[in-house]
């Protein structure tokens, strides 16, 4: 059971990590805490659900579609709504994104009702067995894909021009501007990319959990914790912290009972925040950007 | 209509009189705050369908004759979003603004507890067919009644059935979300299981909104029970069963404390739902009779005609609540709350849902439970023997 | 001369407003009584937030933690048999105590980190109550004992209790805006080093501010528990309480005395009207409203208004 617990935690952690990258980068680059990030995950999940139930498209295949759609949504929301609050107060972005989240969730409640949807693939319950430990195929696939996407994003950030523009803007906005980088475009790109990754995570979530418009709300607290644990604005941090989070929850539920997994995670988070607010890989000045 | 002279005038007067009489027909306003959105929306909508069916049946036959007047029934619905404070607020509104005479209760004991606090203050009678946690009826509330059996006996039929299976199962695991109804049902089931000679090897609670139950499934696997009983709602039970499938947890019997007739189980689990057992407050094969629907088959037919789908016990309980209220109102001959309450306590009758006899706390002491199982992809009644379709299938295929 | 009239005029205005508010509870019907009680509750919460956000500059996004603590504290004490006044007093002290304990570690965090920490605190407290179970009610929640009073009498009592909380909170903010302690709090916000150079113990000052904030919010939570009679963690620790209060504070203007009152009244009445008209889509309308406030009046309505009137006056004099 011990080994199974570890495997459970790691597999889920991979998906959580993917879901977090976008949130973490947006916070690090622009200082915006996007509470609507959960809604992006939810939208990705619905895309998978509709694609599968209406068109028979496998959720893994729906990922590119979800990423494209969410990229556009994230880009537009950043460009036309969130860019306005960048220069104003620190916490206005929190309030604004809270409002955006309410709107998005309610739109889906209106469109899809709160009924639960699910994606039932033929291989949905298959599992690989290694030394008595069961590794469900879907979770393994999702975790591997999550890592691939994360690596791909890292590649994009460090090698491509746009990616480097994003990193530069994160480090110092003014200097980046003098280098000819357009911050407005950069921010919108970052937001779009973050939303796209959330959409991919959403597709995977659709294979693992029942989907309702409130799916995002149940992710967002985990996303918060993982972001801060890993270090705001660090991609590697998000992934590693994602695994850590999955492991902590899994271990807590095995040792103290399933009901304790939330509180253990929060206590851990609070302690980490007080002792080392920059997280595992973060730098101290991220998060204080205005 | 002829308009010649005095005959015409008389006819006109008469028709005007009839029209005004029809217009001034008394209206019985009943308020209902049910969950039309949120986690309980599926069950809330079914409940509302049941209330509505009763209302339509009664109005179609001319209304409810109470005392010397005939009343048309009107139900004012509000969506409580599956949240207790919203339901409380709505109940307040129904009582103070809409001035409803009676209340139909919500789905969920937790929500009903919040609204009962309000209705008790206003001394308005509530019929709460889908709120069955024992705690609600041991608080000394005088105006809350339920025709349904209470939560602590929720899993008893499955336990009784299990004693008859062979090879006799021994180890039982009871799991469910941390919420009022599941907790009460779980405790009651654990006690009964021990009384019947079973061994409770695992009893766990998971957070109500948990997304991932693989840790529960892992612990179940380690405990290796013969029987797994879930006290949860449709959503989390489906999630649990999926996790159990992934981790190859295969107990000989899996039962839930709710109806497996809800289509979600079959659509979400497919062939994995085969053999799943559930508990029902009502099944279509019951033979009790009543004046509004005839019997259960009659109710099922009327429901299907109106809603194009077979009814579950949620809807049946709603309609039954209406029937019970109607019986009490007619017995009392007035809408006055104390008289109706007295009538409820003295009521000895039968509805298609079952016989009723309320004790002072509003509990129906004659309520019983049934069980169904998904056999061949279709829900079939398996308990009690007198009303069952097929014999139960054990172990699970 | 005009100065004296202005000072006493303002006080008179406040007194009249207060008297009217108190008197209102005797002719409002149950439904509107409920709404205005809600407004008063939000006034208290928003003024509490005003202290820590507007004056101390610490954006506590999870102040609902105190509300929930207050609600559960009062519920447990009342269920244990304490009389209402004692339970409310106890739970108010509890709120202050929580701030005293958690202030020193958490108030070291800056900006975003503090905000996040308070949200995590809120969630952690809710989870703690769920897990402890037993006398906290766990997932079942707590049902307070039924009172014998008729609905209208009970609602009037609650209304007046809430009014007391709102009035006390407003007075605290007023006192902060005039007193030395208030200056110390604002000085700590504006310049950490400058304040220290002046001999101000910035940590102590901030913790004290959070204690005031926590006490007032806990009181509101306690009265709320008594009012709705059945509480559970989901609604007692609801983070949207904090967010709504934050929006009200934004609208009214941070650091002003009357701002939160206007913000709370406007927002809550609007939200109620929207809710009763739109039912199903009210979250959507709320979301749109929140976005509109943030985008168009982020500095609030009071401060621009004051400036506008000040400008008009000075223009008049020049002419």
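Letters A, B and C mark the chains in the order given here, with residues in each chain numbered from 1 onward.
Following the convention adopted for this analysis, a contact is a pair of C-beta atoms (placed from the backbone, for glycine too) under 8 Å apart; a residue touches a chain by one contact, two chains touch by 3 or more.
Owing to the predicted nature of the structure, the values given are computational and were not obtained by experimental measurement.
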Shared interface partners, meaning chains that touch chain A and chain C: B
Chain-chain pair with the highest tally of contacting C-beta pairs: A-C
Inter-chain centre distance, chain A versus chain C - centres from mean C-alpha coordinates, in Å: 33
Centre-to-centre distance between chain B and chain A (centres being mean Cα positions), rounded to whole Å: 39
In chain A, residues with contacts to at least two other chains: 109, 259, 262
For chain C, residues contacting two or more additional chains: 130, 280
Set of chain B residues in contact with two or more other chains: 37, 178, 205, 207
Residues of chain A defined as touching chain B within the complex: 1, 4-5, 8, 12, 109, 113-116, 118, 120, 124-125, 127, 134, 136, 138-139, 208-210, 212, 214-215, 218-219, 249-250, 253-254, 257-259, 261-262
Touching residues (chain side chain B, partner chain C) in the complex: 36-37, 78-79, 83-85, 88-89, 92-93, 96-97, 110, 113-114, 117-118, 120-122, 135, 139-140, 177-180, 183, 205, 207-208
Complex contacts: residues of chain A adjacent to chain C: 27, 31, 33, 81, 84-85, 88-92, 94-96, 98-107, 109-110, 221, 224-225, 228, 232, 259-260, 262-263, 266-267, 269-270, 273-274, 277, 287-288
Residue ranges of chain C in contact with chain B within the complex: 29-31, 34, 130, 138-141, 143-144, 146, 150-151, 154, 228-230, 232, 234-235, 276, 279-280
Chain A-touching residues of chain C, taken from the complex the two chains share: 59, 61, 105-106, 108-113, 115-117, 119-121, 123-124, 127-128, 130-131, 240, 243, 246-247, 250, 280-281, 283-284, 286-291, 293-295, 298
